[in-house]
Each structure stands twice: as C-alpha cells, then as structure tokens.
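Below you'll find the structures, each written out as structure tokens.
Presented sequentially are two complexes of chain A, the first with chain B as partner and the second with chain C.
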Partner chain A sequence: MTSFYGVCLPSAFMLGTSQYPSPAILAEAFRKSAASVATVSVRREAAGAHAGEGFWSLVRDLGVLVLPNTAGCYSASEAITTAKMARELFETDWIKLEVIGHSDSLQPDPFGLVDAAAKLCRDGFKVFPYTTEDLVLADRLLDVGCEVLMPWGSPIGTGLGLLNPYGLRSLRAHYPDVPMVIDAGIGLPSQATQAMEMGFDAILLNTAVAKAGDPVLMATAFSRAIEAGKLARDADPMEPRDMAMPSTPVIGKAFLQ
Partner chain B sequence: MTIPQITIVGSGVAGLCLATELAERGANLNIIDRHGRPAEHGCSWWAGGMLAPFCEGEVAEEPVVRLGQEAANWWQRHNVDIKQNGSLVLALSRDGRELDKFARRTRQHEWIDADKLAVLEPDLAGRSQRGLFFSSEAHLSPRDALGCLVDELKSRNITIGIGDGLDFSYNARNVSSEKSINRIDCRGLSAADALKDLRGVKGEMLVIRSTDINLSRPVRLLHPRIPIYLVPRGDGVFMLGATQIESKNGHFASVRSVLELLSAAYALHPAFGEAEILEIGVDARPAFPDNLPRIRRCGDTLYVNGLFRHGFLLAPSLARMSADYIFSKKIPEVMDENLN
Partner chain C sequence: MKILINGLHKDVTAQKLGAILLEAGYGDMRVATAVNGGFVAVEQRKEFEIEAGDQVEIVAPRQGG
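Our next item is the complex of A and B:
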C-alpha cells in the first residue's frame, strides 16, 4: 500500500467536497465512495471569523482525513496565506497546493507553484502539489521537498480524462517510487480505472461526482472503478500483442475428417 | 378549541407568511422583530423573488419542486403583484451542453430557438441560439411582497413590535408537548443559537438599472463556474444574483463575487456594461444539512427555519403546514424530531 507522507490510506479514492446539491448528499456520497481523504477548499473570507465553520464541521464529521486545498489562489503568497489558515482550521500539516496561472484553463502556474512549495515545505507543511505531467516541473517540486505529486489528467472541471497518457506514463516511469495522485479532469469512472491501471497511486476528483445527476450513485461507481484499476494493476496484466493466440489449446482438439 | 395566543419572532418572509396564515385562521398574534419591520437585517430583503420550482429542481430535492408550486397562488391571494411570465434559461454558445443537462434534470419546460427568444425577450434577440422556457413559473418583488403582508396584517390590527425575542419567557425543555405552542421562532440564521444543525450560506447580489434592456421574466444564464440570474423589477431595475458560499458571513460582498456576477451579466448582454449599480447586497441564508426546510417543535416553541435559497418559494407552504399543526395537530411533512 502506498504511503503519503507516512500515512497508508485504506482506499485510493480522494474526493472533493465542493458543489454538491447539499451537505447531506455530500455525506452520503462519501459513505458510498469509501474515499479515504476529503479535500476542502478554504476561502480566506470564510476563514477570517471562522464563518465557514458550519460547513467545515460537517466535513470533519465525515470521519476521513481532511486535505485542505488552496483552490482559487493565483499567486504563491496567496496560496501560502491560505495554507497557513487551513493548517490552523483543520489542525493538519497536509496541504493540497494549487497555484493557478491561467483563469480560463485553470492551468497551474509552474513558477508560483515551485516557489510556494519550497516555502511551505520549509515551514513544515506536507505539500501535495497540483501540477502538470511536466517532468522538469516534477523534478523541481521534488527538489524543494515535496514527497507526493498530483499531476492533472486534464484541466479542472473538464471531465476530459487523461489527455496526455504518454506524458503521464513517462512521469510515472521516471519516478516509480514517488506517490502520485491523478488530480483533476476525471469525468468518468473508466478514466479513473485507466489511471490506476497505469500505476498511479490514487485518484482525486470532485466535479464528476458532485455535479452528477445522482452524486451518491456516481460515488459508488467511482469507488468500484478505482478499486478495479488498482486490482488490475496489482494482478500484473498481460502484455498486449499483435498476433492472435487462442485461449483454448489447439493440440488434442477433436476434428472431423 | 381555544383561540391560539402566539408570538412570532422574526418578520422575514417565513415570519410574515406564517403571521398572515395564522391571522386568517383567527389566531391572536404578536409579532416581534429586531428592527420592528422587514429590512436589511434579514435575508428576505436580498432575495431574488423567483417563484421557479421547476428550475430549482435542477439541484433541489423533490419537496422544493412540489411545495414550491403552491407559492404563486398564495402570493396572489394575498394581493401581491405576481408576474406570471415564466422563466428563461439560456447559456452562452460554448456552454450549450449545460443547457442539455439542465433540460434533463428539470421538467415543465419547452425548448425555444433564436426566433422564439426574440419574441419572448426582444432585447435578448440573437444572444442565444436556443434556450429553455418554463412557462408556468412566476416572479415577484420581495420587498413589495413583504410590505404588502405588513399592510394586510396592519389592517387586522397586528403590528410588529421591536425586540429580539430572547427575553420571552419560555422553557423549552420543561414544557410538555401537550401544552400548546405559544411562540414561533422565524429568526432565520439568528436561530442557530438554538438549532445546532443550522448553517449559513452566504449570498451576494446586486441591484442594477439599465435603460437599454427590458426583460419580462427572470433569465438564468448557465455557466459551469458562475451561474447567474437576472430578475426584472420593473422601471429598468434588475436584481442580479447570486453567489452561494459556505459561510455565515453576511457582512460584506467580496470584490471577486461582484466582479463575477457583473461579468456574467455583461456576457448575457453588453448593454449591462452601461447599467447603473444601485445596490450591492449580501446576507447568509439559513440552511439545514439537506438544504430542506424544517418545522421543529421544542416545548412550547415551534421553529420554522432552513428555507435556504427558497424563502419566497417555500414560506407559503411552510405557513400552511405550521398553521395546520397549530389548529388541527396535523403533523407537517417537514417536521422533524427535536434534535436539541
């Protein structure tokens, strides 16, 4: 079982807590998902006077590990401020670090990301950086102290799945021992299965469940899909080949003259 | 039966609808409110006033759609000016699939094309190639509607006293449920001191005036990140809403929220770029974990709360159910056990 900063998670499913029809549906989706981590965004205006407490206490009551995130931050300093607030609010040094560089595609800002990750790691945070499949960027993030990487499948909220399987496979192969979570862009359970089959250690998603017509049913579907991908990977799949090979032996088969 | 003697605390939409319903059925009423009138301190003041149960059904659960269908008639019966022009749901061309999803998850609508849009809302002609028209929906002006109920109550010699209701003598725990209800708490989020599972959901809105655009009905613009609605108030005035943020902070609207709401309005029609900003409003809506309303009894007090973003849509049915409970002990479907 992969360990994330020394913590072994009972399932490879990390689920976001935004955009559900209601907190009650969110809680039920979590029960059905068997997710082991809940990500929650910390808005600074809500954190100020603990104004978001009503919702955050519902998240704490889910009974899973909380991974606060810095969603919506467009600069390293904004992200660092938010991370510090999150540490206080949720009493955790885990932080999912998002530094957004482009408002339309929500693509990470690689420079701000490395800058913020370096400062947060020095400050004792356990950083889960939301990154692209870029190898050089991955290298820099590991250099500054990140022990987990969270490459995107495709841009946040698009549901387009794994847009660059080659890049992701290559990232996985270059750092076989770094725990990696596919974060963002997953729209369908089959895409989550594909990522797990490729050897990623966990899947983080939110919109695909929260915005489904029936979030609880979709959470169940993702739970099984992620488990299926993990089992398949552990089972050491066959290698694909071009030549057909009968699954029933030909020798000894009865034939008519 | 003896005539119920009841004090209602709070003069937002829940309190006033309930007062109206109970007064009609012959109860003796007192109403008290922090400011002695519906005003800026309550989230009803900042509401959109859409009576759109079918549109809300995109996300809201079944009771909202069903109970919300009572609203338009109730308001009309109480001499509130209701506009029954339906509602329109549009999306910018790149978000067309949001419309398909909205259509799948709602009912009582028809697809319209660009020509029909031009007929329904001439000022939006050409802004969208297709849309959804919910012909049976309605809208009202919340502040006028509250004023109308205040006047109707006044004509029955019921006025609103000033007070927070906290000094009212009652003992929730030691009063047997056999005793009749003598206090109804409709304080919205302020009642979170007694209702521990109540939370605040912040909403920000603007009131703008445009001399260039005229709309006959509420228009919702779907957007994956910033869905907005515009509700016409007449005389070129529009309510533009609304954000939905998990926060009980009702004190300030953020620059980002206002920026997003205004950009979306501008995207719907560039003429809104020239509109005058009349008000920027904000408050926190009271909501329970399932975002459905509750009628909850605690000793001799009845709490009517958790109307979330559906104040004007659901207050009439909650008033009816609460009155049925008080006058004929009929248990409301939204009544839950005492959780405190």
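Our next item is the complex of A and C:
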C-alpha cells in the first residue's frame, strides 16, 4: 500500500466534491466509490450565509481525508495565500497545489508551481503538486521538497484520458519510489484502469463521476476499475509481443488431414 | 472608512479586522481571511489594522475538484 506523506490510504481513489446534482448524490457517490480522499476548495462567503459550514459538515460525515486545492490560482502568491486559508479552515497541512498557467488548457505554470511548492514545503505543507508528465519539472518539484507528484492525464475536465502514455510511463519509470497520482482528464473507468496498470498509485477525478448521468453508478464503476488496475499491476502482467503464439498446446493435436 | 470586502465596496467604522468581521455580519462564522493578498490568521485578526482602500477577502469551505 502506497504511503502519501506517511499516510497509507485504504483506497487508491481520490474523488472531488464539485458539480454533483445534489449534496445527497455527492454523499452516496462517495459511499459507493470507497474513495479515501475528498478534494475541497475555499471560496468567498457572504455574511450570514453559512454555506461553508453546511458543506464542511457534509464532508466530515463522509469519513474520508480532506485534500484542499488551490484551484483557479494563476500565481504563486495567490496559491500560497489560498493554501494558508485552506490549512486554517480544514485543519490539514495537505494541499493540492494548482498554479494555472494557461486559461484554455488549464495547464500548470511550471515556474509558479515550483516557486509556490518550495515556499509551501518550507512552511510545513505536504504538497501534492498538479503537474504534467515533464521530467524536468518533476525533478524540480522533488528538489524543493514535494514527496508526491500528481501528473495530469489530460487537461482538467476534458475526460480525454491519458494523452501521453509514453511521457507518463517515462515519469513512472524515472521515479519508481515517488507516490504518483493521476490527476485530471480521466473520463472513463477504463482510463483509470490503464493508469493503475501503468503503475500509478492513485487516481484523482471529479467531473467524470459528478457529471455522469448516474454519478452513484459511475462512482461504483470507477471504484472497481481502479481496484482492477491495481490488482493487474500487482499481478505482474505478461510482456506484449509482436508474433502470435498459440495458447493451446500444439503437441498432441490430432492429425486430421 | 471605505474598504472592499469580497470585491464589494463597504463603509465600516471599525479599524481592526476582527471588529470589521463582526460589523460586517460574519460573527463567529467559520471563515479564513486575507488582506491585500496576504493571509491573516485567525489569531491575528483582533489586532490587525485595516486602512481605507484595503481589500479584505473572506472565504469558507466549498466544493472542489
């Protein structure tokens, strides 16, 4: 079982809490998903609204760990302030660090990401950086104190799956001992299975479940797909080959011509 | 004095962040704060001086992906 900053998670599924049709469906989707981590955010609160308290109560009742994010931040300083506000509100030093560099693709800003990660790690945060499959960026993030990497599969919310399997395999192979979570772009359970089979340690997704026609059923599907991928990886899959090879023994076949 | 709270113009009489939160109706709500882009921890609010034109952000837990 992979450890994330010293915490062994009972499930490799991390699920977002946004965009569900209702709080009740969110809660039921979490129950069916067996997810071990819920991602959350901080947003402006109106005086007397108490929306945040209601949501926080719902999340606490899920009985999972909380991973706050810095979604929507376009600079290191904005992300750092958001992270500090999240730490106070959610009482955790875990932070899913997002520093966005491009508004269309929501691609991370590698320079701002490393800058923010360095400062947050020094300040005692356990940083989960939303990154790409870039090996140099991974190296810099590890250098400044990150102990987990969260490469994207494809841009946030697209559901396009693993767009660069070669790059992701390379990243996995270069840092075999670093816990890695595929974060963003997963649209189908089969894509989550593929990522787990490649050796990634967990899957973080939101939209694919929340925007499914039946989020509860999709949460169940993802739960099984992630578990299947993990089991397959642990089972040491066969090596693919170009030439066909019969699986039924040739010796002993009746001569019938 | 005039300040910005969550992007909206507000006229407040209090000078300290903690008192401004009370005056603006946040009472004992579970919120986190930042002033002019910098985090202000809950234990600092009581003595944290606010000046005219300052931008105060007040946030709470929300859904996230």
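What we mean here is this: the second predicted complex is superposed on the first by the 248 of 257 C-alpha atoms of A that agree within 3 Å, B and C clash if a C-alpha of one lies under 4 Å from a C-alpha of the other, contacts with A are read in each partner's own complex, and residues count from 1 in each chain.
Following the convention adopted for this analysis, a residue touches a chain if its C-beta (ideal position, glycine included) is under 8 Å from a C-beta of that chain, and two chains touch if they have at least 3 such contacts.
Since we're looking at a predicted model, the values are computed, not measured.
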| message | Quick check on the superposed pair: does A:Gly213 touch chain B, chain C, both, or neither? Answer first, second, both or neither. | response | first
| said: Per the contact definition in the header, classify A:Arg43: touching chain B only (first), chain C only (second), both, or neither. | reply: both
| request: Figure out whether A:Glu53 sits in contact with chain B (first) or chain C (second), or with both, or with neither. | output: both
| message | So in the superposed three-chain picture, is A:Ser22 touching just chain B, just chain C, both, or none of them (first/second/both/neither)? | response | first
| First (chain B), second (chain C), both or neither: which does A:Thr92 touch? | neither
| query | Which one hits more chain A residues, chain B or chain C? | reply | C
| field | Touching partner for A:Thr81 - first (chain B), second (chain C), both, neither | value | second
| Which residues would you name on chain A as touching chain B in one complex and chain C in the other? | 43, 45-46, 48-49, 51-53, 55-56
| Can you list the residues on chain C that touch chain A in the complex? | 6-7, 24-27, 29-34, 37-39, 41-42, 57-65
| chain A partner contacts - residues on chain B that touch it in the complex | 59-61, 104-105, 192, 198-200, 202, 224-225, 245-249, 252, 254, 287, 289-292
| task | Would you tell me which residues of chain A are touching chain C in their complex? | result | 16-20, 26, 39-53, 55-56, 59, 68-69, 71, 77-78, 80-81, 84-86, 88-90, 156, 205-207
| Which positions of chain A touch chain B when the two form their complex? | 21-25, 27, 43, 45-46, 48-49, 51-56, 58, 157, 213
